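Below are two complexes that have subunit A in common, paired first with subunit B and then with subunit C.
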Partner chain A sequence: MHIIVCIKQVPDTKHVKLDEKTHTLIREGVESIINPYDMYALEEGLRLKDQFGGKVTVCTMGPPQAESALREAVTYGADETVLLSDRAFAGADTWATSYTLAKGIEKLGPYDLILCGKQAVDGDTAQVGPGIAERLSLPYVTWVRKIEEIKDGRMKVQRLMDDGYDRLELPLPALLTVVKEINEPRVPSLKGKMRAKNQKIQVFGVKELGVDPDQVGLQGSATQVVKVFPPPRLKERAWIEGTAESQVTQVLDKLNLLKVI
Partner chain B sequence: MDYFLTEEQQMIKEIARKIAEEKIKPIRAELDEKEEFPRELLRVMALSDLFGVYIPQEYGGFGGGAFENCLAVEELSRACLGISTSFAASGLGAYPILLYGSEDQKKKYLPEIAGGRKLAAFGLTESTAGSDAGGIMTTAELKGNEYVLNGTKQWITNAGEADIYSVIAITDRSKGPRGASAFIVEKGDPGFGFGKKEHKMGIRASATGELIFNQCRIPKDRLIAREGMGFIVVMKTFDMSRPGVGAQAVGLAQGALDEAVQFARTRIQFGKPIISFQAVQHMLADMATLTEAARALVYAAARFVDSGAKDLSKAAAMAKVFASDVAMKVTTDAVQVFGGTGYMREYPVEKMMRDAKILQIYEGTNQIQRNIIGQELNKEGGRKKS
Partner chain C sequence: MSLQTEIDGQKCIGCELCISACPFGALEMHEGIARVNDQCTLCGACADVCPEEAIFVPSLDEGQRPEDYCGVMIYAEQRLGKVAEVSYELLNKGRELADILKAPLSAALIGSGLSSSAESLLQYGADRVYMADHPSLEGFLDELYGEVLTRIIRLSRPEILLAGATAIGRSFIPKVATQIGTGLTADCTELSIDQGKRLLLQTRPAFGGNIMATIICPQKRPQMATVRSKVMKKGLPRPTGSGEIVRVDMDGNMPAPKTKLLEIVEEVTEKVRLAEADVIVSGGRGLQEGKHFAMIRELADLLNAAVGASRGAVDSGWISYAHQVGQTGKTVAPKLYIAIGVSGAVQHLVGMQSSETIIAINSDPHAPIFDVASYGIVGDLFEVVPEMIRQLKQKMH
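For the complex of A and B:
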């Protein structure tokens, strides 16, 4: 099986601070990590490799320093690594990012499965995974909490829902985005750490990918961040207690008082 | 302090620490409470290649030595001694094969142990033979192409959980200590079973129990080295493994010290954190100094072992005896720094204190270690004929 895992290097949100004026992340001096949800995708890929054989290729788009995230993936057991990096890719929104990643994946040749984390902890959009699948015309399932079975070119998966889970079947190749319930990521191995030191990282830019420069980066982005602001604080809150009936009465009273109904 | 570790040694430490912090700490109290064997954690260590750090590359290991093993064991012990004991006991079971096994035995067993696919154990102690290994009753008799083992081993770490057992049995009682031999017994061999699992004061996540040999038949090529080599195999195995017990002690002491410092910085009495009181500071200072001294001795002994030196017994015994006495003191004092809080199961230091005691007892009691050191001093003194 050839499994491609898409990862993103993000600031370690455990230690990140916000600029009080611009409300953007202060990235200076903050350690970069692999997006935690992507770690579950990587682990699932490694488990499938352990089970079925084959290889795991890890792919990321980012600045040159994102190479360290790929090396880290190798310490866990990833076989090959690809960095999509070019000045032209900067400022990409999810539209341009999914286009670029899809182009990178096409260049990697035949594959059976693409795995992504459900979302990145910095942008929180959860759009890039499905975006890649749409670009590649692949079937996809988001929020996968379990791969039940892979057999005869088809797979059965469970999708986590608010009130339980769905069971879905889809043909391969396909794309899944995974939630943290799917597994518990392993720890790097000594052999992996040794290999990561000398791992050759392939770098693809606009030229190597043969992409249209107008479709990548800021140029190719359909959205722009105009302003970042903290959500308005709710001024007044009230806690309603009592039996269900009395709670309904209390809510109705309040709504009447506010002339909402 | 900086011990000038190589890049590879640093990697071993990092991996073991990550396992300790992320995988062991969250569940150590539960495993201790339930006396549950850490099967899943050992799998994590196997995937990270930790089981093979001291095994040569030609047998599927990482190619390090006793020192590399000490680094892994120390970090694991910082989080839980019970779990590190389950890990380290596999090494104790592997050393007889590594040191004295035939090429075929090494090729068959070491890659499995190095990869963590199979767990090993070491079987010496019996109800009549603890410090006095001369009291071994278990026998092995050659009958045709097989040895037949009879007897019972007790207090064996990883009993029932391990797949490969290095076992000492008497092949010729008339020869005294020279009548003992070492064998490899596999789980599933006919006539090989397990007795009761012990309930212990500490290291409760580790499994301790009996090995029962009842007309247990094994192929004769499972003999390690030659008949009569049993006690030499045991002594040399302990020379290799005792710095590892020292490393366990250093890790445990460091873990207790870390907890004590954190607690003392946040516990307010008389309007101040208790670390601002000299009575507490001096306790912590002694704990830290002893722990660092133990680490320096253990590292020196492990590096001495790896240097290929011949007379290892004294250094190995010193590392074990000093570090384990330090661990007992430091964990006891950590409970004292915590005060009443430390006595409660909710906090980790009472477990650390319970765990520490075994370090002064297993792999040769500290009294036996002092005997070894004393005898070596006597031997050395005799050689200097000035």
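For the complex of A and C:
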């Protein structure tokens, strides 16, 4: 089985704090990590490789330093690594990103399955996975919480919905986006860490992918960010003090005003 | 001038294959040669079946021009025959945007057995409902719903398309946007119109809610956005009588989906769903033991609220993942969020800090949850919560 896992390098939000005044993330000195959801995609890919044999190729689009995310993926057991990097790719929205990734994947030869995390924790769009699938004319399922089985070129999966889950069957090749529930990622292996140091990272730019520069990066993006600002602050902030009984009485008054009760 | 499908009269052999392939009845025979009428949506089904390559369908991607698109359309989501609340919220917001643009408001409804749903969409403000009603559309499949919505958009050419940022909307709307060749903004919490440029200003939280970004789609149409539940207000129904229902013919040329829906399993047992709840009562590690979630559930019941949980509580196995609020769980923005024994790790805060009013109950006055709370109660939750339940019950009698 050839499994392609798409990952994104994002700032690590786990240890960051909110700036109390501006209400924005303090990003200084924040390390870069593999998007947490992509770790579940990678783990699922590695489990399928363990079960069926084959290889896991990890693919990312990003600046040259995104190479470290690919090396990290190797420490967990990824076999091949591809970095789509070019100045022309910068500033891409989900439309241009999915185009670029789809072009990169086309260059990787035949594959059985593409796995993505459900969304990246910086942009939170969840649009790139379905976008790649559409551009490659692949069937896809989002929010996959379990791969039940893969047999005779078909797979059964469970899709997490707002009110439960759906069971679906689809043929390979296909694309899945996965949620946290799907597995518990492994820890890096010593062998993997050794291998990661010497891993050869393929780098594809505009020329190697043979893409139209007008279709990638900021130039190729359908949407534009026109303004960025901190979220509005809450209107009212107050402590409710007193005995438990009096605190609760005050809270119920507030609930009354809010027409909750 | 608008885009048109062209038929080469020299090449056409009058086989009529295109006529049966057309889902919109947009082709007819005229003196032995196929002819296109104004029902054409440029879907390309005819060109795909023409053995003589006599049909040329212009690609919308190349020819689409903003002025060829008019009006606001909402995708009216339904699951198991029930229209999602967010669809009514979108109708109300859509009406406001359409009125500013002096343009019509339509809804696209896809599924099976939809007549009463379509009527209710008219009541809540739609001028027109495009209804694709077919047994094969009963369950949600990205491929089918994507194909159908793409056809409806090509048929009606709205300048704006809004859909709920739900599990369904966020799954297949990206496919539609890619198919049409336009931009899409995810999970918006604010929409307005730049009247001069006739552009939709789409504002959304990024970075887990710590930054707001306003996004536009200047060139491509429609301008598409998914919109978070409970952020827009639902309007009041109006008496029926105005508006029309347009049936989208789905008998001809439906693609055979590669994906099969085997089963739909409803799992969240609480009466109110997290994403649609006006009030959420959340429990965290401060509850100390799983059994104390009973208290949270009881309070939630009294307030007709949904039950949420911090990652800590879920990881401790006290409650299922479906209830998790935060970066790796659900992002919510109810009218009222009550956080009980939740310390407020940043991953939790980004999932709920857009709530209108936040009440936090915690024994530690330095807990970060108080940074985002409208009302902070420093106290022992094992005293405060039972007291709250007692007083609420008393009020009800």
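Operating definition for what follows: the second predicted complex is superposed on the first by the 215 of 261 C-alpha atoms of A that agree within 3 Å, B and C clash if a C-alpha of one lies under 4 Å from a C-alpha of the other, contacts with A are read in each partner's own complex, and residues count from 1 in each chain.
Assume contacts are C-beta pairs under 8 Å (C-beta built on N, C-alpha and C of every residue); 3 or more make two chains touch, one makes a residue touch a chain.
Computed from a prediction, not measured in an experiment: that's the story for all the values here.
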First (subunit B), second (subunit C), both or neither touched by A:Leu190: first
Contacts of A:Gly123 with subunit B and subunit C, given as first, second, both or neither: second
In the superposition, subunit B vs subunit C on subunit A residues touched: C
Complex interface listing, subunit A residues touching subunit B: 186-191, 193-194
Subunit B - residues contacting subunit A, complex: 8, 11-12, 14-15, 18-19, 22-23, 44, 47-50, 53, 62
Residue ranges of subunit A touching subunit C (in the complex, touch as defined): 13-14, 16-18, 20, 23-25, 36-37, 93-95, 98, 121-131, 133-135, 139-143, 156, 159-171, 180-181, 221-231, 234-241, 244-245, 247-249, 251-252, 254-255, 258, 260-261
Interfacial residue positions of subunit C with respect to subunit A in the complex: 79, 139-143, 146, 166-168, 170-172, 174-175, 177-179, 181-187, 201, 205-220, 257-268, 273-276, 278-279, 303, 321, 327-328, 331, 335-336, 346-347, 349-350, 353-354, 357-359, 368, 371-380, 383-384, 387-388, 391-392, 395
